[in-house]
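Below is one structure; the comments refer to it alone.
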Amino acid sequence: MKKVWRNLPTLRLLIYAVALYILLMLLSSGGILNDYLMIIINICLIYVILATSLNLINGITGLFSVGHMGFAAVGAYVAGTFTTLVWKLPNDGSVSTTLLFIVALVLGGIGAAIVGALIGMPALRLKGDYLAIVTLGFGEIIRTIINNIDAVGGPRGLLGIPALSSFTIIFVATVVTVLILRYLVYSSHGRAMISVREDATAADLVGINTTKYKVWAFVIGAFFAGIGGGLLAHLIQLAHPTQYGFYASFLVLIVVYIGGVGSMTGSILAAFVLTILEKYLLPMLLQWAGLGVEWRMVIYSLLLIIVMIYRPEGLMPREAKFMIPEDH
Amino acid sequence: MALALEVKDLHVAYGGIKALRGISVKVEACSIVTMIGANGAGKSTTLRAISGIVAKQSGHVTFFDKDITSTPAHIIVAMGISHVPEGRRMFATLSVMENLEIATYTRHDKKEFAESLETVFSLFPRLKERRKQLAGTLSGGEQQMLAVGRAMMTHGKVMLLDEPSMGLAPVLVEEIFRTIKKINELGTTILLVEQNARMALEYSNYAYVLEVGVVSAEGPSSQLLDDPRVKEAYLGG
Amino acid sequence: MELTTFFQQLINGLQLGAIYALIALGYTMVYGIIRLINFAHADFLMVGAFAVYFFASFILTLTNAIPPIILFILGLIVALVAGALIAELSNRLAYKPLRYKPRLSALITAVGVSMFLEYFFASLPFIGPSFRAFPDLLKPVSFVVGGVYLNNIQLLDIGLAIVLMILLTFIVNRTMMGKAMRAVSQDKDAAKLMGINVERTITFVFLIGGALAGAAGILMAMTYPRIYPNMGILPGLKAFVAAVLGGIGNIPGAMLGGFLLGIAEIYATSYNSLLGEGIAFAILIIVLLVRPQGLLGEKQSEKV
Amino acid sequence: MPEEKKVVLKIDQMSHSFGGLKAVSNFNLDLPEGVIWGIIGPNGAGKTTVFNLVTGVYRPSQGHIHLLGEEITGKKPFTIVAKGAARTFQNIRLFGNIPVLDNVRIGMHKNYRPSMFDCVIRDGKFRRAEKKMREESMELLARFNLHGRADEIAKNLPYGEQRRLEIARALATNPKLLLLDEPAAGMNPNEVDKLMEMVYLIRDEFKLTILLIEHQMRFVMRICEWIKVMDFGETIAEGVASQIQNNPRVIEAYLGKGVN
Amino acid sequence: AAPSTPTPTPTATASSPTPTPTTPPPGGDIIIGCVAPLTGDSATFGKSTQNGVQQALDETNAKGGLLGGRQLILKTADDKSDPTEGAAGITRLIEQDKIVAEIGTVQSKVSLAIAPILQAKKIPMVSPTSTNEKVTLVGDFIFRACFIDNFQGTVGAAFAYTNLKVTKAAALFDVGNDYTKGLAESFRDAFTLLGGTIVGFEAHPTGATDFNAQLTKLIAAGPELLYLSDYYNDVGLICKQARALGYKGYFLGGDGWDSPDLVKIGGADVEGGFFTNHFSKDDTRPEVQTFVKAYTAKYGEAPDALAALAYDAANLMLDAITRAGSTDGTAIRDALKTSNFKAVSGTIKFDANRNPIKAAVIIEIKGGQQAYKATVAP
């Protein structure tokens, strides 16, 4: 009991999450949130996972990585391949599909993490924009490789993935991801990562193994990106190489920077704001104004520029106060 | 005598932090005026405000009777104020020579350039030795030499010097002060900020003491040298 | 591989490399001074190409009698001006407000500008997303040397890439404006204290960078006479890789990187066409692992 | 040189060049436990380079370095810190955008380290470590008169406080050897005097051995028990303050005539 | 198109000539959905598709609508060639716009993402151009109006081998595009089966502009025919580059060639090329002639294959709605299954897997125009 009490903030966050979940479920079963809004919420949540995990690499550790969708692709393909294979096997119902799906997601995450470790290696030698272009390159190489593996469909994509990403699973995965990343950031290890961002040489000289933390940032960030990719693949029931190109990676990057690089709350907020704007508000607005849908992205990119000019540090500037309450 | 610089009731803030709360300073032409004060008193900020690289909240700056309060920095420089900023501010990937060249950006004249170069090199032979080295790889003191050398190249009518002796070997500290005197004798007005207060006072005509954004004392340098409060606070027992 | 094929591929590689180099020059120059990966550079190229397209179409509806060389030169001028204008416009409206803000905000803005230009052009009724045939400004003339096919436009690409590289190197390293540009790239406040008008210098950088994009645009359109709003994306990406490969900020490096990448891509493709797509990045990663500062980049050893 | 004391830092025949420039040549040092020694020398003499070599920023092209009897030549900086050497920088290098307290806690990271897993599940190990780190950091800040500044963003501190914070951060790593690169730069004589007291204090309290570089003779001559003088990478003299002050070669190359 | 000719805004539903009935018919307007890539790399295909669908709807509306005067309204969603966008787009059309049928989308990868959603909601879908076999296998509400991948390749191979008497051929395709890859592979297989030799089989990345490396290699192998399964814009460049490298043989391709811009980009170098298509603009059948005329009048340019297929897909759907006599999804599906519709691309029936059974035509580029060459029955 005492332990639970001391974990109060965690508990509080969980209570919020459960309350939000129940609310959304009620709204959706009551028909107020229709399938369209639900799919948008699902996409928002997946973007939360992708953006917060990228924020760990970019915002917290200060490694300018721009090929995040490459990791998501690995997750999507590994998890997707796993479930398509397993679903072909006879199942008498003794194995829970949810459990199998979780296994698939974790496998996808691990696959992505391994690739993340690979990418973390050059990260040790490269700085700033050089690192950026290499991560971009890695992302493109991953995409090219997938494009050329016929076993996973090549340019046709990986098809026939079962529709396992329910709102519940996506919601839980998002909450878990955010909690883990948050806990990690608000800990000694998180501070070590931040020191790498602030001044890697100085960090090294106060005893931080900067090499290790750079690799860890990539591994953890990639792991969750892989989870996000797995969820996405099982939401739309296919994985296609073109979903994971550099353009898609830029969209995640934009979420992170509009939200405020280094701010987890900002990433969450921006994932919702931008996705809803792009997929819900703008189409409605255009229809109402009688403009063609092609203007959607024109307005979107214009808004992006305007936000950056007026809020160059993002919607929620980096949490400057970095104190951990005693009871946390 | 004419006033080279006049600062009236200057207020400057960085974001929310008030750095200057009404500073007034007068610098007579052809004199050496020094500003001393503890860390964070606002000395560097005053210089930055004069040369226009920080925005002024209120107050006025005049330069030989011309109001330069809202003149952009590069024009102020062209008008004849050169500023050796705090922290050296080298162009790290330019060579020593290029750093010196760029200082004559506003009016590049081959002959004049050669002459000034001669002066700078004779004062700092190390710079001559290293003229091809990238400025960023110079040692701290070498960079300081370059920073002063750069300001000397611009031939301003007024020179703002922000801790020119910082990080210099004692032998060079002497040298720097003598050089300042020499530059001054050639007709350049000097506004000097120094932590090495004793020397600064010895070499200057008039002095201001700054304390958290305001002028707390002023007077002829020789007078301040003997002021017990100044002695106690800034000259060391 | 037969010898003629080998040489034919070399020519192919040089031509592709020249296009990469032309784009990379602008990238590297703007990056070198502003420290901004100007993702919109590739779209300035597209703007330049479209400007020439409309200009040339207009002229050709008036008269057919205009000598090709005059048409080309006029087109080149239009491309340079259009590129320079759009670059400076982006600078004024989008980048300038962020000059003293975190560097990466400007980068995201650049992505925004890039997206905006692409989508905006694709949405404009008189441009649209579709592919357009670019008129022949110069009549393509092919000739065969020892079984190897060459043409005048290839030679123009290669020649112009080299000329512009030399010109740019001269401007940046030898002229006072060039030195001022480099000083601004290091420390804007200190540059002001040297009497440098920082904003004017940056404008100058964008004008030159944009003009280079325009030049790349017209040449790309002449070499591959099909233009559309997204035409810059892929070559832009490759050119950026080339710039990094050569050492970003380094002008001869951009050209070297461009040619190297072009040739490598062609040979890799001819060995196995599936290899061609990833080779640019693979080379880049390998080179950067060995030389993190790029081929010609100065080693930025940090002074502690 | 006092013989009976343990040698904390031992450098043998260390040399290093940048390109053709010989920045340090044949540098030797036997630094006994508990002393405060100084390195002085003209600008560009190679002093900072010595620090960089000792702390692993550069790898010496020749020679050996032992810290507390263990060879550290060519080791990575963070391992050298782990073995007990900490330093400050000539140009202040704080973690500028985060609070003062966190600067110090990062310095402590290597000593308290709950695993990432502990952190993620927030178990007792994690909480105890965090509590301890926080308490110790606050204590350390208090000692440097910075506890009122714990929540402030480091880069907004005035220069003098930044220097103090840098020392506090170095001490947070729990070092045996502290290397200070021009700690008194940019301070006025009064502040220098205060700094001097503080250096004594931390030496005694933290049982440190201190090696420092400084150009302010007022500071060096009073505080350093032994001074090495470098010029062009070579050691041109060493001794106690009075010897150095009167050494004609040092006067000629470094001190000049009129200073103190 | 002449650059100055403005293309009308795609959601031109409001401006379409709709004779407003005095008494609104029971049930109100019929909403038809169209998900298409209206922005991004394939926007030009999305645009043609949308135009084709709009054309069909407008014509029906002008004739007084369906089911006793109910007007047809088109609601579009942009999929940006991204399956996720497609999925969001189609749910929007279903939930907010209450569409009764979907025409689209262009690419198989996106169709595969939206088909399960429509299947679950029992809303019929006819994709005009998704050639991947798997698309209609998603469920019995999913149909298509185009050939599946291997049909065109087979027809092309037969034409090359028998009519052109070619024995050595080579192929070049877009590795990132399943359509062009599928075509090239089926051509290769069919051509080899007939007894021909494939002397080269090369890929290029999506978005490439420089094909010299592949072409140099292919030409060195001495093919008499190059099979180019790309879209017209790439084909134009490829033909140009091939001729500049001294290639003298034939060019052959698929329906991706069908665009007036092919000749503009490729110029004289595409002259004499052949491609397989769904219909020929010169076909004298009235379906074809009225469509081509009306489309050209409306959009200022001749229809391409995508526009024609979208037009057909929409008309198939409208025909089914008429025959079903209701907007109920299951009823429409049942009607679609028994389609026997005279479309622009021939008379269409569906096989058991809801693929159209129809003939292909061979078209030659002659004097900068498309000329009908032959018809090949399935």
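Order of writing sets the chain letters: A, B, C, D and E. Residues in each chain are counted from 1.
By our rule, contacts are C-beta pairs under 8 Å (C-beta built on N, C-alpha and C of every residue); 3 or more make two chains touch, one makes a residue touch a chain.
Note that the structure is a prediction, hence the values are computed from the model and not measured.
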Message = Can you give me the shortest step count from subunit A to subunit E, moving only between touching chains?
response = 1
Query = By CA centroid distance, what chain is farthest from subunit B?
reply = E
Remark   = Comparing B-D with B-C, the busier interface by C-beta pairs is B-D
Key: subunit B and subunit D, separation of their C-alpha mean positions in angstrom   = 30
Note = Cα centre of subunit C to Cα centre of subunit E, whole Å, reads 35
Query = Taking each chain's centre as the mean position of its Cα atoms, how many Å separate subunit C from subunit D?
reply = 48
Request  = Compute the distance, rounded to whole Å, between the mean C-alpha positions of subunit A and subunit D.
outcome  = 42
Ask   = Out of subunit D, which residues touch more than one other chain, so two or more?
value = 18, 48, 57, 89-90, 93
Key: Sites on subunit B at which at least two other chains make contact   = 137
Key: In subunit C, residues with contacts to at least two other chains   = 119, 122-123, 129, 274, 277, 301, 304
Task = Flag every residue of subunit E that touches subunit A in the complex, lowest number first.
result = 9-11, 14, 38-39, 43, 76-78, 80-89, 91-92, 94-96, 108-109, 112-113, 116, 132, 134, 174-178, 181-182, 205-206
Key: Residues on subunit B engaged by subunit D in the complex (per definition of touch)   = 17, 36, 38-40, 87, 126, 137-142, 144-145, 163, 166-175, 195-198, 232-237
Inquiry  = Quick check: in the complex, which residue numbers of subunit D touch subunit A?
reply    = 55, 57, 76-78, 81-82, 86-87, 89, 93-99, 101-102, 105-110, 112-114, 116, 119-122, 126-127, 129-131, 133-134, 151, 153, 169-170, 172-173
Message = Going by the contact rule set out above, which residues of subunit D touch subunit B in the complex?
response = 18, 40-45, 48, 90-91, 156, 158-161, 182, 185-193, 215, 217-218, 253-260
Key: Complex interface listing, subunit A residues touching subunit E   = 34-37, 39-40, 43, 144, 147-148, 154-157, 159-160, 163, 232, 235-238, 240-243, 248, 279-280, 283, 287, 290-294, 296-297
